[in-house]
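Once you scroll down, you'll see the structures, which are given as structure tokens.
Two complexes follow with subunit A in common, the first pairing it with subunit B and the second with subunit C.
Here is the complex of A and B:
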């Protein structure tokens, strides 16, 4: 199954490059990119590093690298090859850079080689934390892959066509919006089952209403503008008006909402993990597993510290970028800016 | 006016029916009732117990079409799970828990008290702290105080609520030993001791987002013409902020906040289970862990019902204050 992951990685990189080339060609986006780079150089770099780690965890192939037995027939990612988790492990907890096991004090197989210590099963915490990067990006990315098309489809069609379609979409939106978010999320996951796809799908179903409302309101405004009316008077088909005149003018809203949604999604996954319906290998799961260890004395802090720091750094950086993006792209905040 | 209320009520009822349809799809069509029953009675239970359990919990009918009735009779379409689900939910007959056969309605009545005793103080304190702090920040806008509070807000918003709770429990409960880490006692003499950490942590966890939001509202209001007029008349900065800006900014803030009130009743899923408060949030968590679909279903339904009722009340009180709402022109906020 590794070729799917590799394909996705290649597609993502190619897609990003293509988008980059497109964006360079239009003046608006070029200026926005420059402004973003000038305002948030550190946050952008950090997010870039996170994406790189996730890509390293996605590109995988079988064989080589000294793995034996079952491990040799399984595809291993670049990250797995760097850490080789099958052998690079201890028997139980050990503190960062420790020479001995935390409980009992037996000598470690790899003394002073675990910069973030090891967890209950002896796995290297740094490795597990880096593994969590991909899961976190997956939660945000995959969910938005469900959410954004859904929101655009409903929001734009109800705003543009109005009438019956608008009534139906409005009813669906108010129905979903009237169910408390977390409860709807739980109900969806309980009904659909646990798993990456199901959780992302559930998050998408729960979250699309907000973006849909925004795009609907914006489409209502755009529909009445002169250039859209002119296009309609010239006999341009609805589909073409939508794709040429409406959707490009919603792009900035979609980007801002994506950045804002992303942090919310990653944070809400920790709650799901606590409830036992989160994703395997996520930081939320790590925090949840480590929380009982805080009641020990002396405490085992490195697990929870590693996971929550990684989560905090990612969310903070995306938050900062989202903030800057909103300032740069949203014309409504223009007059607030100095 | 009456026509508006009637229209609003009809739409609200339609939304309730929509919510029930969502629940039906999720809990009857997607999750197989047979599997739920099988899991509840165990693999080796006799067919009689299995059938009896299904009958007792209302899972014994076909989903949409009951083929045991004749083709022309109405019962073919009414004697089904769909109709039964609507009938039970609309008449508040929630039945028994799928996990332990306890009556759900009883559980909910017991849980509302503890839930409210946590969420109401949390809500009020959060509101007061949020408004006070954001007014303070708006007072010092474009200074270092403003900037540093905004940075703090950004940092605070980036921390997961799970971390807030664990950190609060560890710091206040374990290291400082000021208050018990978890537990609950409805006795008014000691209840505050148990609510201290959850309320403190809850206010802290939310202040980042609220302060940023309210600050924007305050600044928007501070740029209005009447504020300039007040300044021109010689009103001091404190008077301008408190008597003019605060008074006018409270309205948009409060209308925003009113929508959160229905959710106070269903409690806080995270806080209640962490701090051992036996409210509705803890009940929900229990239902998740025990695969208790009927309780979960009921909680979702009640949450939605409260929200819809709250929305209708807000809309009606709005329309009394502002005729534009009633005439369907809407108010752009």
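Here is the complex of A and C:
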């Protein structure tokens, strides 16, 4: 199965490059990208590093690297090869840069080599935190891949065509919105099973209503604008009006909402983990497991601190970017940016 | 005069009225008009009288829940527009009949360059290469008086002034050389100096391309500048129509007379501005007889009950008014 992951990684990089080249061809996007780079250099770099870590955790192959037994037949990612968690571990808790075990005080196998300490099972916390990056990005990205097309499909069609379609879509949206989100999520995950794809799908199904409402309202507004009327008077077909006049004018909304949704999704996974239906290896899971350790005396803080800080940094950076995007991408303010 | 390019007969456009689901009120009520090739017909009236609805009906762009009632007939270039298939109708829009709108600020897509939008208009109706379309667009930009036409193709609408945007709009609509241009208040949103330029441009292009214009306006100044013939609309019906000199020079219908009297004049300084008493009746509560009956200074008995018929004043001049009809009858002149 590792080749799928590798393929996805390659496809993602190629897709990003392609998008980048396309964006550079249009002045609007080129200027937006430059402005974003100028306004949020640090946040962009941090997110870039996170993406890089996730990619390093995705590209994997079997063999080599001194693994033995069962581990040798399993594909190992770049990250695994750097840390080689099979051997690089202790028996139980140890504090950051400690020489001895936290409880009992026995000597460590790798003294002063765990910058963030180890957890209950003796795994390196830094390694686990870095592994969590991929899970977090997957939750945000994959869910949006489900959510945004759904929201656009329903929102735009109901806003543009109105009438019966609008009635049906609005009924579905109201129904979905009236069911407590968490309940629906739990039910969906129970029905679909636990797994990255399933959880992302469930999050997508429960989360599209908000964006759909926004796009519907915006489409309602755009539909009546004179350039859409003018396009009709010119004999442009509905499909072309949607793709050339409505969707491009929704793009900024979608991008901003994507950035905001992303953080919301990453955070909501934490809650799911707390309920025991989160994803394996996520920061939420780490926090959940560390919860009991907080009541110990002396306190074991590095586990939860590492996961929370990583979560906090990612969410903060993406939010900062979203905020800047919101300012930049409004076509009406294009003139004021010089 | 040659055969009309556009003929509208008994056009009725209705919208649902009130809370009762089935009741419908006509916004445009059985109007007839025609436009000959190369001619400018001005459709004049105050807001809400159905001018724009008439224009949209001609393009079959009345949005639901509005609809064109059966019995209406719109013929363009010997083709029955109301019977055309959807795809045929779409092909006719833009290529046969084009329309420019009142608001140049919002009639261009803000996220696409104007060049992109003009070339789209060309390639929508003609099979030409992107490069050829760009050439045509540049030519057209030059023709409508846009300075630095090649450079302006890459501009976004917000980078252009209102006058320039209206020129872009005109270029976009005329680049495929439609036979009829519907201009819905083309100058209302512009400064007075720019208005004059745009009107001059429309007049030039009309002569050059030999197209007809249906000009929708409430401004008699614009009518005087551009129109060959005038139709005055009031509350969904045509009150009076005739040549420009007939309607502006010898208005017969009390509504037209009132309208013309209410134009401010410098020579009448210090006097109170003449006005038409009352307000336009709201849609759905229109009088059953003559629509103008509630505000007409000459109102008398028949006005309340029966719809006035069109009185032929000359071959081209018609007015729908009971009072004129009665004067005609007593004078012994036969009326229609």
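One rule holds for everything that comes next: the second predicted complex is superposed on the first by the 328 of 338 C-alpha atoms of A that agree within 3 Å, B and C clash if a C-alpha of one lies under 4 Å from a C-alpha of the other, contacts with A are read in each partner's own complex, and residues count from 1 in each chain.
Please note the rule applied: contacts are C-beta pairs under 8 Å (C-beta built on N, C-alpha and C of every residue); 3 or more make two chains touch, one makes a residue touch a chain.
This structure is a prediction, so every number in the text was calculated from the model and none was measured.
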Item to complete: Judging by the criteria at the top, classify the pair subunit B and subunit C on subunit A as clash or fit.
Response: fit
Worksheet item: Counting only touches as set out at the top, which of subunit B and subunit C does A:34 meet: first, second, both, neither?
Response: neither
Worksheet item: In the combined three-chain arrangement, what's the angle at subunit A toward subunit B and subunit C (CA centres, steps of 10°)?
Response: 80
Discussion item. Just checking: does A:87 make contact with subunit B only, subunit C only, both, or neither of them? Give me first, second, both or neither.
Written reply: neither
Item to complete: Give one of first, second, both or neither to describe whether A:179 is in contact with subunit B, with subunit C, with both, or with none.
Response: first
Item to complete: For A:109, decide between first (touching subunit B), second (touching subunit C), both and neither.
Response: neither
Item to complete: Check the residue A:304 against both partner chains and state whether it touches subunit B (first), subunit C (second), both, or neither.
Response: first
Discussion item. Under the stated touch criterion, which partner chain does A:62 make contact with: subunit B (first), subunit C (second), both, or neither?
Written reply: neither
Worksheet item: Touch check for A:316: first (subunit B), second (subunit C), both, or neither?
Response: first
Worksheet item: Which chain, subunit B or subunit C, is in touch with more residues of subunit A?
Response: B
Response to the item:
Once superposed, subunit B sits from subunit C at a minimum Cα distance (Å) of 9
Worksheet item: Of all residues in subunit A, which touch subunit C in the complex?
Response: 27-28, 162-163, 225-227, 229-237, 244-245, 248-249, 251, 331-332, 334-335
Response to the item:
The answer for subunit B against subunit A in the complex is residues 11, 14-15, 18-19, 21-23, 26-27, 30-31, 154-155, 157-163, 166, 170, 174, 219, 263, 266, 269-270, 284-285, 288-289, 291, 293, 296-297, 299-300, 303-304, 307-308, 311
Worksheet item: How about subunit A: which of its residues touch subunit B in the complex?
Response: 171-172, 174-176, 178-180, 182-184, 186-188, 190-192, 263, 267, 270-271, 273-277, 284, 287-288, 291, 294-295, 304, 308, 311-312, 315-316, 319-320, 323, 336
Discussion item. Show me the residue ranges of subunit C that touch subunit A in the complex, using the header's touch definition.
Written reply: 59, 61, 64, 90-95, 98-103, 106-113, 120-121, 124-125, 154, 156, 158-159, 169, 172-173, 182
